[in-house]
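Two complexes come next, and they have one chain in common, chain A, joined by chain B in the first and chain C in the second.
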Partner chain A sequence: MRVRVLLWVVLASAVAALLSRRAANADEERTFAGSAQLDYHLVASEPAAVAAPGPGTTFEGFTLETAVKTAVDISEHLSANVKVCFGCHGFELDMAYFDFRVVDELNLRFGRFSPSFGAFNLRHDPANHMTSDKPLPYDMGRMLRKGDWNNGVLPSPFPTNGVEVNGTHWIGNVAQLDYAAYAVMGFKNDTDPNPTDFNFQESHLPYYLTSDPRPESGSRLALTVKTGGAADMTLGASGLFGTYDPENRLTYAIVGGDYTLRIQHTALRMEYLVRRQEFDTSNPDIFKYAIAPAGGDFFAKHGAYVEVEQPFTEALDVLGRIDGMYRVGNVSNVPVGSGNETPELSPMTYRSSVVRETLALAYSFERNFRLKGSVELWEFSYADADGRETELSFHLGAVGSF
Partner chain B sequence: MAVEPQPDALSSEAAADYTLFSWRCSKCHSISRPLNSGIDSDEYWRLYVAKMRRQPGSGISAEDSVAILRFLHRYSIEQRRKKELRLGVSPPEPDASSPTGTP
Partner chain C sequence: MRRPQVARSLELALALLCVAGCAAIDPEVGPSQESCGISPTPASPASNAGYGATPSSGYGAPLQPSPSQRCTPDAGDPCDDCESRYCCMTRLACYTDPVCTCADQAMDTCLAATDEGGAVPSSQAARCWSAFSAFGTVEQARVACERTWCAVACTVQ
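Let's turn to the complex of A and B:
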């Protein structure tokens, strides 16, 4: 505890000293930005369970996401970023890191940040995407039946502590090659006696010391090619690997590929992710199915989305998206983080899927203020407690940024 | 309604610079972020555009950043002029030449 307090004091002092020094020296080298989104989610089919861990859990009603960020360029080679957000997890330190850039091709990042994975995470702030929610593979809490699925494949953002080496190299004026490699604390489940999945709430806790000493490691490689003055496309691949239990026995691996084509302001985006994750089978009673003697100790969760974003006028943008997830593997009857020792029968099956079709509009009243509305049709492969496989939901939100 | 610089009201070179700026700088965030940032220093824009150019998949080449900086230079002059008018200070003659230094 004393070490933790000392580290807090040292970190806070360093940030305060840095900010005060910059304020005294050069205000123009500091930027301050922020955003806030208020969204109302209406589920036409009136979900039975709301906002508590457990099968069928669905948020319905208002949600608020807000964040403020400060970026300080200390020199041409050193910069610092601090971002604090407020959402479902309360106050969260989304980023607090330094970048030490030797050259464009070699940058050392250390502190707390979301490691480089996939294409979406760069746009995860609600001011930077046209829908109120995120694509299903990156969903963090807004999907219907999130308790069944324990959110997306890789809920975004995923801040964690560690170090990343990254860089970018331009080949003439036509191609940009990006890479990143990192070692970070990663995802956890230290609380469940028989871990079967990540505890995302716990993974977001700002640990300084952890009972899991082995870091998660990963990398990303992406190539952007300009195919004309107004068009470019990016092809990327990402992967990460780690363990998530205190004994470092249970492994997980997430790999993904992404493609983005942008022609003027029109964007076509697609991503695919899959997570293979081992779970603790020492208590077979918590599982819905008998443990298979071979290959019965893991599940695979696939997720993908395809979306097209098209401005209709200077103020109105339209987005169409199809996304979904497919999970294969045994099913735990104990929801992650529920503390429920009495298993309930999960409605999910050995092979479960969900497909969602979204039509969204975003209208900018002012340069920094946008209304968002969307309608979503959900098709699950399994019925809920009321026998429904198809559901309809609506979002109406407003987002402002500065 | 959103009020953005109107390309029709600009010279052809300025319109082309604005168009490129709006394409490149709206890839990851809305262009309101730079336009409402309050930054009106050419030197800071030079550092900032270089930083954005290094973002993964930015698609901002060295060639693009020259045109983007040219637009931001003109935009900064306009912002300074408006600020001075608000404060009741006589605005200096605008210098719309290209900013010094290239990224």
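Let's turn to the complex of A and C:
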């Protein structure tokens, strides 16, 4: 009975919203924003563990991430967002979507966007986090030995085409409940004859369709509790599921939980993600280990981070972070996207891990201009060609926003 | 009285969920191909090419076949000679592939265990060839070539 009443309220609200639409172009509000980060990455163990960009390598030297965004409030219920960014893959349309907000509890989003997953996704722009790089579970290319790992658990952002329903329900003045459910194009690997992992490169090429016709679906639920202006706490859970090969045979599922606590100006953030992904075993030649008769057709990649952010002065922020990943499962001897033509022994093992400790400083010269510096200690569970399991790297960058 | 039963049921359900959940993200693998004596060759220090010898390949160095596994005309026995002469590509493809190299060793062991050491056709030898082919496409390609060009010399079944 209560559900039926709620449905009627939502339906009536939608009809009322449609009828009360104002004329086009009336009171349109436009916002133009942007950011740019130039970062220099120095790896102390050069040149043994780094090389030019490509599978299995590490980006060293300068990298640039820049983006411009326009948001237009067309009416009380309709808004549009377009964001174009430029990074390691060239230009990319990060956002191009419309939001049709019936009520706070019901918003329809359609177009190209990053689906709601985890807490970091909202802060993925370099102007919105204190380090030059992202936490390892969300890494999309800056990590050492990135080709071995094929990036993080869920590279952020991951713009894709689709539709999302989301909303916020306020529970008095102390709590808010956010939800999102979506169906999007998702990840893919259309090129490898025997897909063993996502081919993220395909998602950045000017070929935005996929031969995998079934959409990826997912959802997020988060509860935020506020105690005045001094503290707030958010607890969230996310999950998504889809297939990534042209035949819709190989499934993947990613689930995660996140927790954020802010007391005064101190922020504690922690997230955990795990991706379970099936791979094609029809050609056992490409694997480092023989295929197990049962439970041998998938791998699991776990990732987590804990970080504490503390302002020392009005201009200086300090951040300490511990993050890592753990991959368990068979290992492909061919890099993703290589077409399975050159089998080579992967240095990774059945159970591989990486742990990174980061100490970062961010100094604001002005409100929208910040210098970032960080030192990172990497500990891998397996040795590189020179027998090294520990690496040290440094970031120095500047970020501005408007 | 009812409350403990509900609690116990919940505990049991949670325990089952944990077990099922852990199994769902804990895959299995077979033996490592490195157990066949294959190990990555260190990259040349001067190459500056990531982890492998091939530029921008990133992964471990490609496997290097031993002299007896190349396409040399004096490879050893009639089968090796024939394969080296007519099936060089599929032979090299196998010996540069970790799984195929291991499968080849396993087949040699399998054939040696047959009554005639694999020198004459037999049901035991046929099973060895079938097991080798079942490993993958590289193995199938090698057997197909041997069957076409070296059926007698290699006693392919």
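As a convention for this text, the second predicted complex is superposed on the first by the 355 of 402 C-alpha atoms of A that agree within 3 Å, B and C clash if a C-alpha of one lies under 4 Å from a C-alpha of the other, contacts with A are read in each partner's own complex, and residues count from 1 in each chain.
The rule is simple: contacts are C-beta pairs under 8 Å (C-beta built on N, C-alpha and C of every residue); 3 or more make two chains touch, one makes a residue touch a chain.
None of the values given here were measured: they were computed from a predicted structure.
In the superposition on chain A, A:337 contacts neither chain B nor chain C.
When the two complexes are overlaid on their common chain A, residue A:385 makes contact with chain C while staying clear of chain B.
After overlaying the two complexes on the shared chain, residue contacts for A:157 are found with neither chain B nor chain C.
When the shared chain is aligned, no partner comes close enough to touch A:215: not chain B, not chain C. In the superposition on chain A, A:285 makes contact with chain C only, while chain B stays out of contact range.
Of the two partner chains, chain B is the only one touched by A:366; chain C is not. Residues of chain C that touch chain A in their complex: 23-34, 38-40, 42-43, 45, 48-52, 54-63, 96-100, 102, 135-139.
By the touch rule above, chain B contacts chain A in their complex via residues 1-4, 20, 22-23, 26-33, 35-37, 39, 41, 43-44, 47-48, 51, 54-59, 61-64. Within the complex formed with chain C, the chain A residues making contact are 47-57, 145, 147-148, 274, 276, 283-292, 294-300, 302, 328-330, 333-335, 338, 342-347, 350, 384-386. On chain A, the positions that touch chain B within their shared complex are 28-29, 31, 33, 73, 76, 79, 101, 104, 107, 116, 119, 122-123, 125, 127-128, 166, 168, 170, 172-174, 176, 178, 180, 220, 222, 224, 226, 229-230, 232, 234, 236, 260, 262, 264-265, 267, 314-315, 364-368, 370, 401-402.
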